[in-house]
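First chain written, first letter: the chains are A, B, C and D, and each begins at residue 1.
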Amino acid sequence: MNVLTNHSLYEQAILFIAALVVFTSFLMLAQKRLSSLVAVFAWQGLLLAATTALCAYTQQNPHLYTSALISLVLKGFLIPWMLLRLIVKFDMHREVESLLYPTYVMTAAAALVLFSYYVVLPIEQLSALATRNAIAVSLAVVLLGMLAMVSRRQAVAHVVGFMSIENGLFFAAVAATQGMPMVVEIGIAFDVLVAAVVFGVFFFHIRESIDSLDVDRLNRLSEVDR
Amino acid sequence: MTALYPVLGIPLLGMPLLALLGSIDKAGKVNVYLNGAGFLASLWLAIEVFNNGPMTVAAGEFRIDAFNVYLVVLTTFVGLTTAIFSAPYMLNETRHGRLTPNRLRLYHTMYQGFMLAMLVVLTTNNMGVLWVAMEGATLATVLLVSLYRTPESVEAAWKYFILCGVGIAQALFGTVLLYFAAGQIGTGGLGMQWSVLFEHAAELNPTVLSLAFVFLLVGYGTKIGLVPLHNWLPDAHSEGPTPMSAILSGLLLNDALYAVVRCKMLVDGSTGTHMAGYLMMGFGLLSFLVAALFLHRQRDIKRLFSYSSIEHMGMMTFAFGLGGPLATFAALMHMTMHSLTKSAIFVTVGHAAQLAKTQQLEKIRGLIKTQPAIGWGLLIGTAAIAGFPPFGVFTSEFLVLTATMQQFPWLTPLLLIGIGIAFAGLFRYIQPVVYGAVPEGQHPISANLWPVAVHLILVLWMGLSIPGVLSNWFDQATQTIAGSSPL
Amino acid sequence: MSGLIALVEPILFILAAPLLAGWTKMVKCRLQNRKAPSLLQPYRELAKLLRKQPVVAEQASWLFEAAPYIVFASAVLAAAVVPFFAVHLPTASIADVIALAGFLALGRFFLVLAGMDVGTAFGGMGSSREVTIASLSEPAMLMAIFALAMSANTTNLASAIDYVLDTGVALRPSFVFALAGMVLVAVAETGRVPVDNPATHLELTMIHEAMVLEYSGKYLALIEWAGEIRLMLYGVLIANIFFPWGIAEDLSLASLGSGLAAILLKLFGLGALLAAAETVFAKMRLFRVQEFLGFAYLLSLLGMLSHIILEIGQ
Amino acid sequence: MSLFLAYLSVQCALLSGALALFSEHRMILERAANRLAPLAGLKEWPARSERLFAAPVYPRLLQKGVFGLLALSGLAALIGGISALLGQGVTVDQLPFGLPWLHWHVRLDALSGFFLLIIGLGVIAASLYGPGYVREYRQTEHPLWLLGLCTGLFVAGMELVLLADDAFFFVIAWELMSVSSYFLVAFQHERAANRRAAFLYLLMAEIGAIAIILGFGVLAGFAHSYSFDVFRYTHLTAGWGTAAFLLALMGFGMKAGLVPLHAWLPEAHPVAPSHISALMSGVMLKVAIYGLMRFGFDLLGDVQWQWGVAVLILGTASAVLGVLYAFQQNEIKRLLAYSSIENIGIIAMGLGLSMIFLGTGHGELGVIGLLAALYHSLNHSVFKNLLFLTAGSVLHQTHEHDLEHLGGLVKRMPKTAVLALIGCLAISALPPFNGFVSEWLTFQAALQSSSLESGILRSVIPVTAAVLAFTGAMAAATFAKFYGIGFLGLPRGRHAARAREAAHPGMLAGPALLAGLCVLLGVLPTPIIRMLEPVSQLLLGQTLPSASGEGWIWLTPGSRTVASYSALLVVLGLGLAWWTARYLIGRLAVAEVRRSRPWDCGFGGLSPRTQYTSTAFSQPIRRIFAPIWAVRETIRTGGAEALENTPVHYALEVEDRSWYGLYAPAARGVEALARRVALIQTGSVRLYIAYSFFTLLLLLGVVSG
């Protein structure tokens, strides 16, 4: 049975964008330059906003428009802009981070996507919504975000990974459940904003204390005999 | 008009107030008064609930029952006593030049912010709001961890932030899944409300809920400090200012566990299996044993006690996972006892570190000779937390043990070995700290030990005999969670 | 009548004790081709000591002067509860054989303390060696007694002797082993060659004599006498437990008389054997004594085990 | 009535502790009084209180009150215990403490009554002795309030253990006893050795308590209740019963100091203040024995003979190793502590025999073993208290705890010396003192093994009896050394030479009371045995009528033909012989005693330094049984010249083998495990995220798999 034929154009669009979101996550894993990493992240935010808007349109759900707006402003522009500014300020925009075992990471990422699909499989049978595949996609984005954090050493990359996890969550909320109650969404958005600010503050602190943003050098608090 | 409004309103107003006043010398006092008012309000709330039973406020967005109201009282109480301790302590720190007035302002503001977040976590009926508030609590405390701006504290704060952030994100995924499951049965916008979910628990899809529980457990479990998600905890506890360690250990961990238990209730209702319980037992036991071993490798006094927190949280998680009225009762009691005792210990530890001018265990010596109140406070507190009767910690541990003995006899030796190892780990370090001769340059300081005395006396009292009101309360909470009563 | 016997028996016992010592010495001298002192020499020595002025070290405490009396009294008490020439000694039930060991231990305890009281090196050395030997010999002795007590199912001496008399002559392995063990213990406990030599005052070898080196006069007399009683006691024990035949089983004068004669005869025999053994063997080094006593313990243990393994099923 | 007295005793002990606390921190009391008095309507109180609190007699009154109340507590316990023993009834009660559905159950029966009596005796002696002993702490900075408070709690804890009738309350009381005595052990915490001892003590108390809790847990698992009453009627399967018993044996054995669980005992007992050491050694160990009896005989029931064998073997090992170690000690209180292990071993032997007989269906023989164990518990508490108190006096007057520096005290402290001598005689199991009676009973129990069917048991038990004989002889040797080196001879040190009799009358009265009891219990065993009958009735369901069947002066456990002992006649006989000898010699020997210098082989120069030392005294045994100890002997000579007189330095360390065999490996194991586990805390935040990541993946896999 062809899945696509059963869906309306909009739904096909949503699924297409979902695929793009996963793709951006893959891209993030592969970016060596911080500035292009942030750019990819911004693209992910824009795609997210687009999905939300599409959902709002298909389901005639006005409050999803608000969510779309929030994510557009926050994820698409504000946070990437803040991060870029910091990168420039710290003079890291030209820095190239050597990735650890890029092939393995990519293979693992592919496996994670499969794994998410496998985990979500029992749920797939439940949902009548066309967006049911969204759960698998968002889980994949979350896991890829974590993988990014595990595999990268730059604090900025960690923040981007963290934010991309949030994106995944947001995607799940929008696509699978037509958005959360408004109060929750605003709360989450607020938290993300504050978190971004706090991250910014921490960049300064970390740089002050270890003279770089390499998280592997944050290892004073260890209990292994040395 | 219910007492919930003042309970939440006071810290809400306290934040801007202290943001204005936070840097002055009297700010500590203001903080005490605010918390005192909050405590009185929470008592009022407790009486309301006690008289009228569970209640919902604000269109079902807040729900107070026996389970959370007692945690509310506990939270405001520990908040109050810690504030009493913190007022002179933080002033002392400022005088010694470890803090600037602006950071003091930040500290006081965030203290209220943290209290607000904690109280919202407890009282809200909305799983989403719960998540938001939990994240809020992280945000409020993360800057406090790095308050001293030492390289270690910055590192600790960063780890705290990243790990809890990632963890809590997973909890959000779990929450979304919950909402998704609720959407399947057509609860609409109310699908985030715990009471609605609980009511329809049996109809919710068990597969989705199991998946959701995994996310929620890993997410909130990070905040509880379950091994292997615990790594941030000792760092954050040891590097932040001591009052913060006291409330982190005494309150934040409890509230995260509270969230997990709420989720477990939903999952149990849906799946009808023990899956959630087994997961919690596994994590609990692992945390308990690993933390007990970690105790043997400590050099920092606050780190030592933060591992002890992990150990006790492990035991509570284990007990909640065990389920059944006896274990649940025990876990509830253990939550209370651990909060009271551990925050009392952190208070004494803070004083001890202040008078020895270091947190290193090897350098703090002869506390009893230097300042008997602090030395004895620490020693008795340690004895209490190590589970010596007649302190209440023993009572709850005993109940956990016997509940285990009845359901999983072969696990009891593990628990007991863990208790023994943990005990040895605590006392091998604390004993030389409190006993012995006074090293040079260690002088008494002005200290306010009333909070310690009050906490320990409460713990002792509850160990000897649980007051009727309290046991009723625990009993009601047990009925809410486990469905039957141990009485 | 029985009250009289209870009084007469111990008195006779005590009075006869130096005689056995004299006899042993006499036989030994003869065996070594020496001119023997009179049989009554021990009595003369006691009388001499009693008349002499005792010299007591100035740092000695009251215990030093009390100890000889306690040593003597405990020996006398031990003598009073051991059936000497009549089985049914009325005083015998005051104490069983374990209590008997206790009396001997009591005397030794005070002797050891007295040895340390003056604060000389000799005294301490003697005491130390004495307790060492005692701690090894006591279990061996009790083991031997237990072997017997378990067969007779009693620790009362009178009942045990009754039991042996009742069962008649039988070659019991347990008895043989126990007897051998008992003999070795008796040698050690009474301070005879090869464990100790009562006739030497050479510091490297002294045990018992080192302890009592400071004593003189009446105190020494009491201690010597107590020692003689102890020698006799072991003799009587061995004779009456393992070879009780001839002992007076009722209180008629005739049987009492024959009982007395029998026991004296047996004692003379044992004394001669002891003298012979002392002539044949040389004194051991102190640290060989453990082997000697270990052997005694082993024998007694074998006695008991053979009782359990070989005799109980029958 | 008896229960009331028991409560009274507990309350007095607690009050005494509270009073001690307040006597130091009078401010609290005064403030509280000033606050409360107006509330109670006493208007003119403040004025009055100032006068009262300013009075010079007031602080002294408080301090007197501490020990006065303690003595009252002891007296109440003594009388309560006796009346519980004689009353033969069982009193039960509930206290409104504890869990809402499980109040503290209280029960006083013959068994607890008997041990209450032991506590009472010990406490009375300690409270007579204490005031004089603690006086010197007043000059140092040691807080007396702590000592008084913890003593009160300690005594109360022990009494509550006896009264407890449910598992929960029992464990609370048990731990109260442990923790309060821990503070007493740590009382003089300046010395690192004391701290180490205290730590070890608390650690092992905790492990023991854990084992006990597990043991109760097994019972509770079957009974679905914590109440002892339910336990009594619950029947366990043989396997679980054995498991529970072994756990209890481990837990109680650890507290009682059975080898090899004894390591804490010789460390902890000596470092506490002496009257506390006396209570710990003399009384607390008996509470552990009580626990074992209560658990094994009463709660578990269905005694199996294999348990008895385990107890018997542990007891024998403790007895013989305890005494061998004791013999090698030079420190007086350490020596006494090791000797406690020996005596606990003897008690355990009696218990084990009793269990073997009971388990094989010879209940009437089991009674002998039980009586022996009970009687030895009483005796040991009396003479060990006595010895610790006299050792305390020596310590107090000389500040020397090393035998090598003592000596000559029989002249400097004559009264203490006499009391100590009685203690030494009693503990060496010499007739006619009390130690002999209980050992005699133990022997009698062992000799009954011929009525057993199993040949193995029949042969093993007499061997243990022979070991007991060895133990007795070694005990005599140990205490000959203790007394001979410590009290006799010439003073080996400055302090000993200047020692004086203790000034406080209580420091003689306490020991004197106990010494009197040593004699009394030794001379009149039969009435005491009669008194113990309710206990054996309670535990075994039968008594030993024949024990006193021949009248009160004869002790005949079986029948008169089997074994008999009459201590009273022994005393009379000894007295008669002594008197006669004295009289006759007084008639015969004419010469007066002459005092002179001792024989010095003609060389001269006898000095305290030429005396035999404690180390030398124990050398032959050390050499004979060398493998028992971890002996480190170092001899260092000064110069190399062969014919030069050079100082020789000799050092000897005799250490407990169990350290190297059991404790050190366990500690190392935990350390190594902790090191392994710590590898997860690397400090790398990426790794931490990876933990979270993989945990999530794993759980997801598990849940959906």
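The definition used in the following text is that a contact is a pair of C-beta atoms (placed from the backbone, for glycine too) under 8 Å apart; a residue touches a chain by one contact, two chains touch by 3 or more.
Every value quoted in this text rests on a predicted model; they were computed, and no experiment measured them.
Chain pairs A-B and A-D differ in how many C-beta pairs are in contact, and the one with more is A-B. Rounded to whole angstrom units, the spacing between the C-alpha centres of chain B and chain C is 78.
The mean-CA centres of chain A and chain B are about 31 angstrom from one another, to the nearest whole unit. Centre-to-centre spacing of chain A and chain D amounts to 69 Å, using the average Cα coordinate of each chain. With each centre defined as the average position of its C-alpha atoms, the distance from chain B to chain D rounds to 43 Å.
Residue positions of chain B touching 2 or more other chains: 158-159, 162, 166, 170, 207, 211, 234, 294, 297.
The residues of chain D that reach two or more other chains are 675, 678, 681, 685, 689, 692, 696, 700, 704, listed in rising order.
The complete set of chain-chain contacts reads A-B, A-D, B-D, C-D. Contact residues of chain A toward chain D in the complex are 115, 118-119, 121-122, 143, 146-147, 149-153, 158, 215-216, 218-225. Residues 119-120, 122-123, 126-127, 135, 138-139, 142, 146, 149, 155, 158, 162, 165-166, 168-169, 172-173, 176-178, 180-181, 183-184, 187-188, 190-191, 194-195, 198-199, 201-202, 205-206, 208-210, 215, 218-221, 223 of chain A are the ones touching chain B in the complex. Residue ranges of chain B in contact with chain D, taken from their complex: 158-159, 162-163, 166-167, 170, 207, 210-211, 213-215, 217-218, 222, 227-229, 231-232, 234, 275, 279, 290, 293-297, 368-369, 372, 383, 386, 388-390, 394-395, 398-399, 401-402, 405-406, 409, 412-413, 416-417, 419-421, 423-425, 427-428, 431-432, 435-437, 463-466, 468, 471, 475, 486-487. Interface residues of chain C, counted against chain D in their complex, comprise 50-63, 65, 69-70, 72-74, 76-77, 80, 91, 93-96, 98-99, 101-103, 105-106, 108-109, 112-113, 115-125, 127-129, 131-132, 134-143, 146, 149-150, 153-156, 159, 213-214, 217-218, 221-222, 286-287, 290, 297, 300-301, 304-305, 308-309, 312. Within the complex formed with chain A, the chain D residues making contact are 675, 678-679, 681-686, 689-690, 692-693, 696-697, 700-701, 704.
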